[in-house]
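Heads up, the next two complexes both have chain A, just with different partners, chain B and then chain C.
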Partner chain A sequence: MNNPPILDPKVRAALVAYLLPWADDELILGHRDSEWTGFAPILEEDLAFSSIAQDELGHAALIYHLVADLTGENPDHLALRRPANAYRHAPLVERPNGDWAYTIARHYLYDLADSARLEVLSGSSYGPLAGIARKMAREEHYHRLHGEMWWERLAAGTNESRERLAAAARAVTPLVGAVLGGTDGQEILVAERILPGIPAGLAADWRDLARPFLIALDPELGRLPDEAPEPRELRPASADFLALHAEMTMVSASGLGERW
Partner chain B sequence: MSGAGSGQYEVFHRKNMTEPMVHAGSVEAADPRMALLLAKETFFRREHPIGIWVTRRDDLHPLAETDVLEPGTDKSYRAIEAYTGIAKKREAVEEGLA
Partner chain C sequence: MISTAGSLRLALSDVVDPEIPTVSIVDMGMVGEIVLDDAGRVDVEILPTFSGCPALPIIAENVRERLARESGVREVRVAFVFDPIWTTDRITDQGRERLLAFGIAPAPLTRGRTLPMIQKQIVACPFCGSTRTTMENLFGPTPCRSIYRCAECRNPFERFKAL
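And now, the complex of A and B:
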């Protein structure tokens, strides 16, 4: 993506502020997903979930490249060389995997939020962003089918699988909205139609997608409060994330050099 | 995994509409939907077929008497290879008759 459209510095700064937390979400969730490689419930699922993890890392790479085109930074450095307290991902994606039900509930509800976002971004006035959003949406379709399949299977399986999924959904649902939270200067992006939607609208889209699945599990869970998500702000790195960050950046930081 | 639909599923795919469905392998799954979705990543991470089928292995009916598949006598006349060089053979026969 050479020669991206020239943007006013304020617009550019707002776009970078919007893209980085999203890239970090995809990277961290992909990393968590990849921790299942070799451990998933059956071999076939191991392949499928590892592939989904790779897709999420691929999506992170697309977004980091978009940021790099705007700032002149190195996309690899953006992904793996920042200090832990500079990452801006939502708390949802950094939580340890827990059991399979937690992993599925977290990933599926995130995917629904991501779908709402991609739907809107596919119509972005910033061509490179609309382009990657459409590419990502194609892969997300499979992720959604996969997540839906597991959600339904766990919900309709045994009492234990249903209880575990319900417990996981109770734990992660309140954290999903934050994925769609506003970023610095977002109103500029909305005005420019670079982001043709507002956080409150995206959150409502997410609730509409998620509600039927939550209600099927527990009617109480489906009562999603009709409120705009909290803005995405830099927060101190948690113990969970410090451990993840140390592992994720280990090779990159090992000084082996950058030429492979 | 347990349940009415769970078990081994046989997976078929085709590369384009002019090709027949071809067996790709088998997956373990709880139902046909799961088999289809897991087959995609199990067999088609690098290839990109235009369609996939799955069927429960239990729904396939193998012929038990495989001995009937073996020919009892020489049936090479049914194979194309048996007719290679047929023009030369005919010439030789015709020369012999002349």
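And now, the complex of A and C:
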């Protein structure tokens, strides 16, 4: 049986700082996905988004468990008992779903950024992280197939569907890079090969994946600025997130029955 | 009889995935290393199938409960491991037959090939064997299955996603 490797306290702190925003991204996007359950435009999409939501929450749980193994905290508490202003997700994932085109554009572009991140993390020198990254990458394959199918369908559908997708892509594209932003002490993780890539490199990988889809909508959209993403910093909770947080934590905060 | 890692693995053939009750977790390829020490403490590795699978805590509990009934076992610890990761290639031949009998087309063997190549393969209907089948939805009633339809016998059926 292999126990997780023991990390130097500085490395451990840097790893926790890197993992938490990522777990928060997955948790919150998963919650947004789950809002389509029962409301999607067709039954197939009710199923698809429910499944995708379940996958994203599963991924969040894997990462929170990894954090909990490092800090001794309770993974459920990390996910659902923190105050709203302690979450570190990127603004992209907290935005309300909007219309179907916005939902697809936001999710697909996030999935491409997540793919770039998972590809790099699959080669992490920290075994437990490499393991869950490889696991998630295989599941994300199906999300990408789904997103790609819808992207093409909306882009090649009616003028209205194409216009709506283009408008959504214009609104979300500038927000995607932040998902790959650097975190406190990240240089230590890069030096240790726990994170075998730098934010600028990850952002470039994401742009390469996304560019053909954006160009297919509007050549102007494909001109993605070649810049490193802003570091991920704690932001005051937005009104959108306060509402989502209240709903997401309601059952957990009720304190009724701790067993499921 | 004194328990051994082998006899404990055999005992785990009684533990099933609650969502596919005809296939044991051994046939699903979910059981990793089993270590039994002199004090009767057992460490079992379980390889989770899909990471969002809600059946995992139930499976862990059933593993603990089943092994506790084996001779000389005093304590059972279950660890979920991701090295190696679980893939559908780990499902045994018997497991694939039982999935089929349950009405779920098994995932094709990936044998290290990439998933995009795999998904395009022809799928045989688990009810009539016809290959005149079409995928209706990549996503099914659980994260591990897609929905298909058979043009021959007109049954809808599920297929385990290659992972």
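In this text, the second predicted complex is superposed on the first by the 255 of 260 C-alpha atoms of A that agree within 3 Å, B and C clash if a C-alpha of one lies under 4 Å from a C-alpha of the other, contacts with A are read in each partner's own complex, and residues count from 1 in each chain.
By definition in this document, a residue touches a chain if its C-beta (ideal position, glycine included) is under 8 Å from a C-beta of that chain, and two chains touch if they have at least 3 such contacts.
Owing to the predicted nature of the structure, the values given are computational and were not obtained by experimental measurement.
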| item | value |
| --- | --- |
| Chain C versus chain B on the shared chain A, clash or fit after superposition | clash |
| Contacts of A:Glu139 with chain B and chain C, given as first, second, both or neither | second |
| Which of chain B and chain C A:Pro128 touches, first, second, both or neither | second |
| Which of chain B and chain C A:Leu62 touches, first, second, both or neither | second |
| Which superposed partner A:Glu192 touches (first chain B, second chain C, both, neither) | neither |
| Partner chain(s) touched by A:Glu119 [first = chain B, second = chain C, both, neither] | neither |
| If touched residues of chain A are counted for chain B and for chain C, the larger one | C |
| Which superposed partner A:Glu35 touches (first chain B, second chain C, both, neither) | neither |
| First (chain B), second (chain C), both or neither touched by A:Arg153 | first |
| First (chain B), second (chain C), both or neither touched by A:Ser51 | both |
| Contact residues common to both interfaces of chain A (with chain B and with chain C) | 44, 47-48, 51-52, 142, 145-146 |
| Residues of chain A defined as touching chain B within the complex | 42-45, 47-48, 51-52, 142, 145-146, 149, 153, 157 |
| Complex contacts: residues of chain B adjacent to chain A | 1, 3, 27-31, 33-34, 37-42, 45 |
| Sites on chain A touched by chain C in the complex | 1-2, 44, 47-48, 50-52, 54-59, 61-62, 127-128, 130-132, 134-136, 138-139, 141-142, 145-146 |
| Complex interface listing, chain C residues touching chain A | 33, 35, 43, 45, 48, 50-54, 79, 81-83, 85-87, 115-116, 119, 136-143, 147, 161, 163 |
